[in-house]
Amino acid sequence: MNLLETNLFNKKIKNPFIIASGPCGNFEELSEIIDINNLGGITTKTITKEPKIGNKAPRIVNLNDGLLNSIGLENKGIDYFIENEIKRIEDYNTLKIISIGGYNEYDFEYMIEKIDDYDIDFYELNLSCPNVNKGGATLLNDKKLLSKVIERSCNSTDKPIFLKFGYESNLEELVKIGVYNGASGVTLINTLKGMKIDINTGKPILKMKTGGVSGSFIKPMAVHCIYKIREKFPYLPIIGMGGVFNHEDAIELAMAGANLIGVGTAMMMDPEIVNKIIKNTAFYLSSKNKNFEDIVSKSHERTDNYVL
Amino acid sequence: MNLARVVENKSFYNYGVITFKTDKKLDIEPGQFLMMKSKDGYNLSKPFSVMDCKDFEFKVLIRNAGDFSKFLIKLKIGEELLFRGPYGSPFSKFIDFNKKYILIGGGCGSAPLMHLKKIYPNIIEDSVFGFSDYRIKSIVDDDNIFVDRIDGMNPVDYILNRNKGKDINIISCGPKGMFIYLKYIIDSYQTAWISMEENMGCGIGMCKGCPVDTVDGVKMVCKDGPLFNIKEVIL
Amino acid sequence: MNLLETNLFNKKIKNPFIIASGPCGNFEELSEIIDINNLGGITTKTITKEPKIGNKAPRIVNLNDGLLNSIGLENKGIDYFIENEIKRIEDYNTLKIISIGGYNEYDFEYMIEKIDDYDIDFYELNLSCPNVNKGGATLLNDKKLLSKVIERSCNSTDKPIFLKFGYESNLEELVKIGVYNGASGVTLINTLKGMKIDINTGKPILKMKTGGVSGSFIKPMAVHCIYKIREKFPYLPIIGMGGVFNHEDAIELAMAGANLIGVGTAMMMDPEIVNKIIKNTAFYLSSKNKNFEDIVSKSHERTDNYVL
Amino acid sequence: MNLARVVENKSFYNYGVITFKTDKKLDIEPGQFLMMKSKDGYNLSKPFSVMDCKDFEFKVLIRNAGDFSKFLIKLKIGEELLFRGPYGSPFSKFIDFNKKYILIGGGCGSAPLMHLKKIYPNIIEDSVFGFSDYRIKSIVDDDNIFVDRIDGMNPVDYILNRNKGKDINIISCGPKGMFIYLKYIIDSYQTAWISMEENMGCGIGMCKGCPVDTVDGVKMVCKDGPLFNIKEVIL
């Protein structure tokens, strides 16, 4: 019996570990290092309608136990993706999540319509990339536009749609808007905004100045966001991510309420790490005689043993 | 990732030459790099060129640039770290073995060129390795190490002068400023290959963290490089 | 000449290092360890109108290079403060900042009126404590109430008023509201919300579940917030804080735009650390032949050498 | 903070007894604790009771509870860490030197009691130090160490039984569960002092991080304790 197996929307998922959007690109390089079919799922790097050349270098700064990036959603656009990448991705025997980003409801609709007949499982709308000025970021400040984007996207497909948010002051409200407009789940959390200044030059190290902070030290914020949303939405599927580097991190996010666990920055540090996390989580569960699903949302259990 | 154990560490504050031993037989070509990280902590792996490599051992030349390189320089014999690779295209992919090359190294950029010189001595016409700290001579052994200016010239002028009139093919590795100067002074019929550096994330092309602008659009240093034709790169 | 000396509102300040509100209480214990008069300034622990007994234990969790706390603004209230503490604080020869927190404009007005005739320098309105449910936290969600609180506070005193905010999605808007209603400066940043779950018990470690994250690993977020506000408000006094443990951290925050530098969590780790930071910053400045004020906002300098 | 260097480390996976040497002459009374941290990193200092102390040396008994205590247990001779203190009120502040006391230690809570026993042997009537791992006997030398149950009883029942009829004054240090049990079974005319533990921030009373509910309101373990009268504490 596979202790890691889990279910979402009647789909059997081998294990809860999925590749977070971005750090692993579209798995071409990764597939030469690990077997993609062993993963619970994969999320593409966010695809946009038009190609984006991304930001100028430096795009990456290592922080102590964290990472600051300003890739700027570099990608070749939806048409290139469909011509050159979707076929390879269809062939992986794993949950396939397509991450898309855009400026308005038409962008999202356009992309979903182009891609919807391929063998993919979920969409993830990247509503929270801190690295694009005109992009998803502003959607969060314009609730009407946000509602339209979500509604129109959900009307364009029968597939489940996840909304990806970051550490936002009004996260609960945003999730409410999402659920109200038809989203099936949420992905928490995207990177936080951060900056590092080189004190020798007096200049921000990233060419774009501000970037997104990910990695180990955003985990407490991720756990908080996941917990808070799980508390308010007991049955909403949550893909949790933020600072997962080992099975203990993964279990913490699961206990906070994550149904699936995304691994991002850790894969850049060591592309084989996800296999280690899968193996150690399985070992942990078997030593506790539990399934993965038993521990999901466990931190919300009442003392009277009521289980969500 | 693989484990490497320090077997020798010759270093002073600014630079170090460290030899590691591993369990896995290595096959690293000159120009390739390894991604290295300490066993503890959740930091990115960082790229370092290999300066020499044989069977189970490899050698790196480290400049004290920040936390991780400082950590490397302080490693004691027997201490361990993690690495993966080799990554990046080897020099041999671009080199025309019927030609002769001049090597121009700036600081730690000299490391892969020294490796190249050792493995393919026949294709080397001349070389210069410029450093800013004379103590480098106590830990790196090469006749062509120069500290600061040579006969009042910078290393690039010096070596081009010394090889005037020859059919010049250059391979260079070092700071960006050196490449900008090189691009400015070499003639259009001359070839120069330069090995670029950029802050890296994954080291294998998937994270899009290490862009370099080229005439054919944005490329990744780690996967499409680190060696580029100087004419191709927008510096 | 004192390279560290700086000025705000025509007050000479010995050096830019001030004790952040909270971690050092009201300096009774600290004054037995270091000489308070050597500091640039001190901020009291947030005082409320009524006494608060704080949250249940555990209130503190160590994170790797960070700290999670849910003290819950434990304090004995404004009356006790005035009867028992203000006299001792008046006697310190340093910049005195009084931090106050409340639920509405009357709370703030009441406290300011009680305290305004004492020898103190600035007020700091704690509008962003993540550890109180009914308290400052909600002020940020109710812009009308927030405006009233700020306006009424500013009308109650001639002393400068700083507003303390955290890492908020709409930080710029909040600062705008603050400045518009008469605030003299801002303090950035308060703790972020975070949680840690003990995976052995499956329960959040803090009794209150969610707490405030401070310490080294919030520095990139602090630098970002300070930078962003300095960019929009070139002349607004900013007290910067978040993860300052050494002079390099302090210089980074100053370059981002902080006029004064608050030290919080670091003082809990080592109550003498602020003296080390002051000494090392002085040494750094003298080795660069600069005053502290020369490096404030340095990261905003244009290449044409235009200095803010 | 002050520097301390390991001069002896007797430890196994779960527990360690570590002796440190410092440059500063120490004056630590039984019941007091030190705040300790590693030289690297930006973590809080953590509280540890002193088990023995003389001139420039002090000894601590460590239970492997998490990252920092694991780090302590693994320290090698010659390695250093930082500490400050002593903090907290000593036992002697509360003790009536005309009375006799029974010491009840649970796990690492035994450390300060062993210190007390060594410094003031005359006031000790009896003692028991309960541990859950028999290997503790290989690193801590005391006749009253018991592992698990003694004659089928828990250490508290056992020692109270053994001293039945006497005028019982207790000093106890250990896990909260033990105090709750103790409070439940002792008679109202008996005195018991308990040494509380709580996650700490500053260790000196300023951060309000270590509250304990008492009949007189919230107090701080680090400053107002760690010793409290069991009747005073709301457990």
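In order of appearance the chains are A, B, C and D, and numbering begins at 1 in each one.
We adopt the following convention: contacts are C-beta pairs under 8 Å (C-beta built on N, C-alpha and C of every residue); 3 or more make two chains touch, one makes a residue touch a chain.
Bear in mind that the values here come from a model prediction, so they are computed numbers and not experimental data.
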Check your understanding: So what's the Cα centroid distance for chain B and chain D, whole Å?
Key -> 56
Practice item. Let me have the rounded angstrom distance from the C-alpha centre of chain A over to the C-alpha centre of chain D, please. Key: 46
Review point. What whole-number Å value describes the gap between the mean CA coordinates of chain C and chain D?
Key: 36
Point to revise | For chain D, residues that touch 2 or more chains besides their own | key: none
Practice item. Name the residues of chain A that each touch 2 or more other chains. Key: 64-66, 216
Check your understanding: Which word fits how the chains touch one another: line, ring, star, complete or other?
Key -> line
Exercise for review: So, with touch as defined above, which chain pairs make the list?
Suggested key: A-B, A-C, C-D
**Study point:** Touching residues (chain side chain D, partner chain C) in the complex
**Key:** 1, 37, 41-46, 67-68, 82, 84, 198-202, 204-213, 217-218, 223
Check your understanding: Where on chain A is chain B touching in the complex?
Key -> 22-25, 27-30, 33, 45, 53-54, 56-62, 64-67, 69, 71, 74, 215-216, 243, 245, 265-272
Practice item. Write out the stretch or stretches of chain A touching chain C in their complex. Key: 63-66, 68, 140-141, 167-170, 192-197, 199, 202-204, 209-210, 213, 216-217, 220-221, 223-224, 227-228, 248, 251-252, 255-256, 295, 298-299, 301
